[in-house]
Structures are given as structure tokens and as C-alpha cells.
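Look at the two complexes coming up: chain A is in both, with chain B in one and chain C in the other.
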Partner chain A sequence: MIAYRQPLPLGRSLLLGAAGTLAFLGLWAGLARSGLVLHMFLPGPLEVAERFAVLVTTPFAGGTLLAHLASSVLRFLGGFLLAAFVGIPLGLMMGWSRLLDDIVTPIFDALRFIAPIAWVPFAALWFGTGIGGPLLIIFAGAFPPCLINAYRGARYVDRRLIEAAAMLGTPGHRVITEVMLPAALPSIVAGLRISAGLGWQSLVGAELIVASTGVGYMMVQAQGAVSTTTVMVGMAAIGLIGVAIDLGLRLVEARIRAHLGQA
Partner chain B sequence: MRLSRRTYVGATTLLVLALLWYLATSGLGLVSAGRFPAPGDVEAAAVQAFGRGYPDATLVTHILHSLKLVAIGFAVSVALGVPLGLLMGWNRVAEALINPVFLVLRPIPPLAWIPLAILWLGLGDEAKVMVIFLAAFPPAVISTHAGVRAVPPPVVEAAQMLGTPRLRFVLEVLAPAAAPMIFTGLRLSLQASWTTLVAAELVGSLAGLGYVLNVAQQDLYPGMILVGMAAVGVLGAGSTALLGLAERRAVVWAQGATE
Partner chain C sequence: MSCIRFEQVDKTFGGAVKALDGVDLTVADREFVAIVGASGCGKTTCLRLAAGFEAPTGGHVTVGGKAVTAPGPDRAVVFQQFALFPWKTVAQNIAFGLRNKGMPASERDARVAAAIGMIGLSAYADAYPHQLSGGMQQRVAIARAYVLEPEVLLMDEPFGALDAQTRVVMQEELVRLARKNPRTVLFITHGVEEAVYLADRVAVMTRRPGRIKEIVDVKVIREAERWEDHARIEDVMDLESFVHLRTHIWKSLREEKGGVGH
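And then the complex of A and B:
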């Protein structure tokens, strides 16, 4: 008989977690050393860590790791903020105005299934490979969750609040900023987290294809030079920044929830 | 049948957009043909893509190629991911052992595996299947896991009290109860499969929709870019609809199994 729902004691769960992580790293290191796989294609975890430290100070593909990361993060912020500044107000207004909802929804639905990365050719054609091209792709990835969550948040606002505000003669734009926005805030912030994840992933894709700086570009150059260690350093850096972005937004989310008394 | 206001407004919007598109390109020439194609250019590109082929095979061939890779990557992800998720949801030791691996690897976006996949497997189909698998596998595992954990304890206890054998317990109690969550995960997996495939094909390939987009971009052929994007959208929508159909069937089956 299995004891189904009682959680494992914390100590044992941590122990098993550490064992799992160590087993993963050990398997990786063992496989790298065994000679079963060409070392060139599977360097061990320690080598990747060393290479990471080296790349922080030594330039590769036109810049140090930090310089590449800085340009990636700047692009990401540009596309993400643009998506938030367009998507959230538009979503709120769609939640408020039936007409706008009916106008935007068919356009949105028609574009929804096109993978953000499929905008790459137009992005390159219109804006080139500097900031603009990748920015459009990040925007394409980050925009839908911003819009959808603001819209859902606004739709689920208690109708009585809106009616009360309207009855008191509150003008439309103030209904949106002072009634709907606060009520929809938790849903919006949840949308921002999804959107940051998708935007960051789109950025990586964009930089692999259309960019001349950034961590994705560094990885493509490393792939061309058959430097597996550098490729893996890029992957680790991308993962770390992704986690940092998500943690930042989680903090914001927790603050807002606490502020609204929903902690 | 009376059409709703929503349908009217929606249809009008799309018509107005089509008209604006025509006016801005061929009508008034506000947008140059090198930047965005006119309706005529798209038609010509579509005729070429389906007829003579572009760049060297017809669009149908490219679509089938992409579809095959997505189907393989997605099928393998589901076949391995759902059982693993069930196991993790039901066996706490497996959960505690496997979770950390996901925690370590999950922050790495699937697209970031593309250069490594190319280094390991080259520019052929194997590398694409590998990255599709890496993109589609985690959502399948994670949603199944979460679905099993959300099964109400009384259901589990009742089955245990009746002494249901383990295999039957998993297949006839856990899986059906977790079915809605599992399908949510599969939808995410499918979406991720398409995104990853297009990205991998754009980075380097010799066939498929990403290849069409890539060559069209290098040839400065906006009409063909739009045809390629439309094909990506239609396939994404079509396969999602197919999955929805499968979901309705499975839910009916699951209800039968739990009753």
C-alpha cells in the first residue's frame, strides 16, 4: 500500500533533491570523461564553469560575456516594456469596450498561431539586425500574454463597481485607471511573468538568427567555431538571467498582492 | 440564422484591413513592394509555392517535412513525458529524484539548445527532433505531474481501500482524473514544438517551412515570406484543433472509466 498524500519529511526531500542534482552532474561528468563521447562535443561541468569565468573577462565574438549579456538584456527590456505598454492598456480597453473587443479579437485570433519566431524574416527586412529586428520578435513573443491577461482581469472586475463609478459620473479613462486597473492587477502581473518568459525565449531565438551582438549571437559563433564549452556557457548564462527575471517579477507580484491585501 | 453583432464587427474589421492593405500597397503605393507585399504579390508567390515550388520543392513537400518532424518530436515527448509525470505524481521518491533535474534544466529555453543540437547532430532532421523533444517534453511531464497531484485524496483512498492493483490504479484512476491537466500540458507542448521547429529550421536547414522563410528572406521576397508565415499559422491552428478533438474523445473515455 502506498502512503499517497503525506509529503516526504523536509530533510529527506532535500536529501533526495541534492542526490538528484548530484547524480545529474555526476552522470554528465562521468560521460564526459568516459571517452564514449568525443570530448570536443561533451566537455564536463567543471570545464564549462571555468570557461564561464574566462569569458567574463576575455572577449569572444566581439565582446566579453558580460557585454553580450548586457546587449541581450537591453533588447529584452525594450521589447518587453513595449509589449507591456501597448498590451496592457489595449487589453484593459478591450475589457471595457465591447466594440473595441469585437474589432481587435479577430485580428488577434488570425495572428495568434503564427509562432513569434516566424516574424524573423520581416523583422530583418524592416528593421535590420541591430536593435530593431530582434526587438520586434521579442515584442511578438511577449505581447499576447500582456493583452490576454489584462483583458481577462478587466472582464472579471465586479460589474457593480464599474456601474457605480459610471453612475457617479466618472469619466471613461478614470474608470479604466482607477477602477479596472487595480482590480485587474493580479491577473496583469501574472501575465507579465508569462510574457517575460516567452519574450526572453524569443530573444534567444532572434539572436541566433538575426543579430550581430548578444548572447545568442555569441552561441552561434561558438557553434561555428565548434567550441562546445562556449555554447554551454551561453546556455547557462541564458538560464541564469531567465531565473533572475522571473524572481524579480515574483517579488513585484508578492508586493502587489500584499498591497491589495491578498497575500 | 441571425448573425451576432460580434460576427458583423469582426467581418467588417477584416474587410477594412484587407482594403487598407490593398490601398497602401498596390492602390496608392504608400508601402514599397520590397517591404511588404501587395495582395497580387502574395497570390503570385502562393501560385509559385504550390505549383513550380520554392526554392526547389513545392510548399506541400515543405509542409509535410515540417509536419513529420513536429509529429515525431511531439509523439516521443508525449509517450515518455506523460508516463514520467504519472510516476512522479504517484511515487514520492521518483518525484524527489527527478524534480531537481528539471529545476536545473528548465530555465534554459528550448531555443537555446539549437546551437548544441547542431554541434551534436548537424543540420539534418535529427537535431530538429532533438530540440522539439526538449521543448515539448517538460510541459508534458510537468502538467501530468501537477494533474496527478491535484486528484482529490478521497478518490485515491477509495481505490486503495478496495485494493486496486497498482497498474490499474494508475491507468484507471489517476490518468483519467488527471486527463484535463494532461491535455493542457499537451497543448503547451504542441505550441512549443512548432515554435522550436520554425526557429531550428531558420537557424539552418535544407527543407521545411523555416527553410522557405529563410530563403525568401535572403531573396528579399516579401510575398513568399507572407505565404510561409501563413502556412506556419495554419498548421499551428490545425494541429491545435486536432488535439482539441482528441481531448474531447479522451475526456469522454475518462468519464466512462471513472464511473
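And then the complex of A and C:
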């Protein structure tokens, strides 16, 4: 019997993770060798790894893999930071002011159901292949979790802390920056993690269509050249960078929780 | 002059739950009044009305002759669950209210240091609340209120969350503080002994909807029987006059409990 979510020692957890990954690679390698799928469309893991190493130094579609990734990451950071700088203050202020909440919530609720990818045609019309298009699309993906989590964090602040601040004669802007913001921080950082994930996913989607550099652009070019290995290198790189971004934000989250004594 | 006055105060929550029904109570300037009552009788509601966290459904709540409309630093509150800012140090928590007053930093620092000294936590000025025991946290909350030099102190079961030993120490400290630096105090508790030990007058509240059933003047007896000659709380609690008052209030409360079948 496997008990419900029984905790395992860290060593075993890591081992199980490694075993799962190996099984996946084994299955992939087996399928690639079996001849069931045309080799052209399903190269084995080793070939993809080799191609990965080659692309790190050799340019493809106007740049090395690292150059494409750098350009993608920069775009991502632009849209993600924009979403955070607009979404977090707006979410906090909506948590503070019922008036603002009532004004913004209906339009926000409608807009957030337009998937980032659904913004692509509009972004392409507006910005062509310029920087604005990908920024808008990443923003569309990254913005909702920033706003929602800041709002929720602010709404669920311990009421007594707000009351304590009020009886100490604290003006509204200081209640927001010194009480609601720190109290909502764990929720905000959790939102940033979701936001980064969605933003990074949307970015690559955007690059498939509107960009002239970046890892998504590289993959589209590789598709044209029927280089499945290059396409798969792009997919692997997207996954790895995504994991790295999430890991970084997870560390930030853990540090903040430890600082607030909530670890 | 900063007396707290409740005049025929009603409070109904959500149009259905009547918490207070015609409460009349006056806390005179520099007087220490405790309200005792069973849990859920509306005594905390009285304090929240005086603090300005809630508005009465009927009647008037005034402090210093002015109707209470919003919370403010002239009426500092000490909460049962401390309500310290967890991301601020002891010194920053105590300084928080002073920063709203816009006084020079040097004066503020001096007052914060004096307040931390007063509660005996100078070694913990840079500690965060979660690093302190419950008793230490409540001392910080009291200092945070006292440092504002408010006319009125509102204390909502401030020692309810503390263990018995710590509570006794805090009660003795509060008596010392209140003698040295008297304020108008409204103190909410369900502890009869605590109320008799601390207060000048004890108001007994009925079960919901809460009314003031009886007001017991402790101060007259305390001064006549010279309680202040006894430094320790247990010695005061052994005095015949103390036991008599306590028993009287206990009985008054019990009649309330019997009626509802608890």
C-alpha cells in the first residue's frame, strides 16, 4: 500500500526523480531506435544533446543558441517586470479601496480570459516585428497573476494589523507600503512565480510569430530547415530556463518566508 | 479631560445579532475601568466602539466630549493577540506610531529607547516579534501604545493569551505603570480577579445582548484597606476585602450564566 503523500527522505526523493527522468529518456531513445517513427522526425536524446552542444558555439538563424536565449530572456524580463510594476501596486490598491476594486474588477475579469497567444494578431498589427509585440504578449500572460495575488494578499491581511495601524494614526499610503505590502509579500512572490511561468511560456509563443531573434524564432527557422534536432534543442532550452527562473523565485520566496518567521 | 462615555449605546451586527442593548457607562478622566463578562457578551464590542473600529447602531460614544468617528492615536489600543507588525523589529514597532506624528528623528529615537527601557527589553530592541515570548510581545504592544502618550488606553483582554505566571508579572507591571503614569483606561477581561486587582471600578456585563448590570467601586475599598502596601499580587488577593469583592462579582456573573444554561 502506498500511503497518502507519505513524506520521503530527500535522498530518496532525488533518486526517484532521477529514475523518472532516466525512464523517460530510455523510452524516448527506444522509440527513436525502434524504427516506428521516421528518424528525421524523432532523433534520439544523445543526438539532441550533441546538437545542443554544437548550437552553443555555432550560429543558427543569425545567432548561437546562447545569443537567441539572451534575446529571449531580455524580452521576457521586460514584459515580466512591466507586469510586476503595474500589477502589484494596482492589486494592493484594489485591496485597500473598494472603489477601485469595483471599477477595475469587471474589465480585468473579462480581459484575463483572452489567452496571451490570442493577443498575437493584435500585437503583430500594432508593432510588426518590433519589441512592442512580444512585450505586450508577455505582459498579457504575466499580468493577471501579479494583480490577483497582490490583491488577495492585501485582502487577507490580518485585520488586526490594519486596525493597529489605524489606531496608531497611520495615513493610507503608509498602511499600503508598510503593512499591506509586507503582509501580502508571500502571496505576491507566489504570484510572481506563476506570472514568470506564464510569461515565459507566452514569450516563446510570441516569438514563433513576431520576432526576428530569440529561441522561438530559432525554432521556426529550424522547422523550415526540417532540423528536428534543432527544434528539440529549443524546446529543451525553454524547459531548462523555465526551471531556472522558477528555482530562483522559489529561493526568494523561501528567504522572505524565513524573514517573516513563517518558514 | 478625556473621559469615555457610552450613552444608551446599541450595536446590532448584520441587522440580526444584537450585541449591545442600551449600554450606559462613563470612564472618568484618569480612571481605570474594567468590563467583565462571559465570552460573547459584547464587552469587546464596547472597546471597538470606543476605538472607532465600529460605529454604534444607536446611542452615542464620546471620548473627551467628541463623538468617536474613526480610530486615532489619542485612543491607543492593546489587542489580545498583540497585533505587532511581524516584519518590524521591537524598536520599529514602537516607533511606528511616532513616525506618523512627524517628530524629529532624534526625539523619536530617545522616546523609543525610553519605552523599551520601561518594559525591560533593551537587549531585544532589534529582535523580531516571532523571536520573543508571548509576554515579551505583549510588553512591546503596551509600549507601542504608551509611547504615543495617549489620553485614553483601550485594552482588550491584553493578558488573555499569556500563561498564568507571565500574566501575573504583567498585571503587576501594569499597576506600576498606571500609578506612575495614569491614563484613562478601559480594560476588557473575563478574569474577575484581574479586574478587581487592576481597576478603579468594575462594570459587570450581562449575557448577549450586553447591558451594564452592575458597577462595583473597587477604588474606595482598595484605598481604605491600603492594598498598595502589598507589592505582590498574591498578597493582595489574600486580603479579606479583595476576596469579598471578587466573590460578589463572581456571583453577579454566575446569575448571568445560570440563566442561559451554561
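By definition in this document, the second predicted complex is superposed on the first by the 243 of 263 C-alpha atoms of A that agree within 3 Å, B and C clash if a C-alpha of one lies under 4 Å from a C-alpha of the other, contacts with A are read in each partner's own complex, and residues count from 1 in each chain.
We take it that a contact is a pair of C-beta atoms (placed from the backbone, for glycine too) under 8 Å apart; a residue touches a chain by one contact, two chains touch by 3 or more.
Bear in mind that the values here come from a model prediction, so they are computed numbers and not experimental data.
Looking at the shared chain after the overlay, A:Asp158 reaches chain C, while chain B stays out of its contact range. Looking at the shared chain after the overlay, A:Ala83 reaches neither chain B nor chain C.
Shared-chain residue A:Pro182: touches chain C; no touch with chain B. When the two complexes are overlaid on their common chain A, residue A:His259 makes contact with chain C while staying clear of chain B. By the document's definition of touching, of the two partners only chain C reaches A:Ala166; chain B does not.
Of the two partner chains, chain C is the only one touched by A:Arg174; chain B is not. Once the two complexes are laid over each other on the shared chain, residue contacts for A:Trp126 go to chain B alone; chain C is not touched.
A simple residue count on chain A separates chain B from chain C, and the partner touching more is B. Common to the chain B and chain C contact sets on chain A is no residue at all. The touching residues of chain C, counted against chain A in their complex, run 51-53, 70-73, 75-77, 79, 81, 83-87, 96-97, 100-101, 128-131, 144, 148. Partner chain C is touched in their complex by these residues of chain A: 158, 160-161, 163-171, 174, 178-179, 182-183, 185, 259-261.
Chain B contributes residues 5-6, 9-11, 13-14, 17, 34-36, 90-93, 96-101, 103-104, 107-116, 118-120, 153, 156-157, 160, 166, 191, 194-195, 198-199, 202-203, 213-214, 216-217, 220, 222, 225, 228-230, 232-234, 236-237, 240 to its touches with chain A in the complex. Touching chain B in their complex are the following residues of chain A: 1-2, 4-5, 7-8, 12-13, 16-21, 23-24, 41, 99, 102-103, 105-107, 110-122, 124-126, 200-202, 204-205, 208-209, 216, 219-220, 222-223, 226, 228, 231-232, 234-236, 238-240, 242-243, 246.
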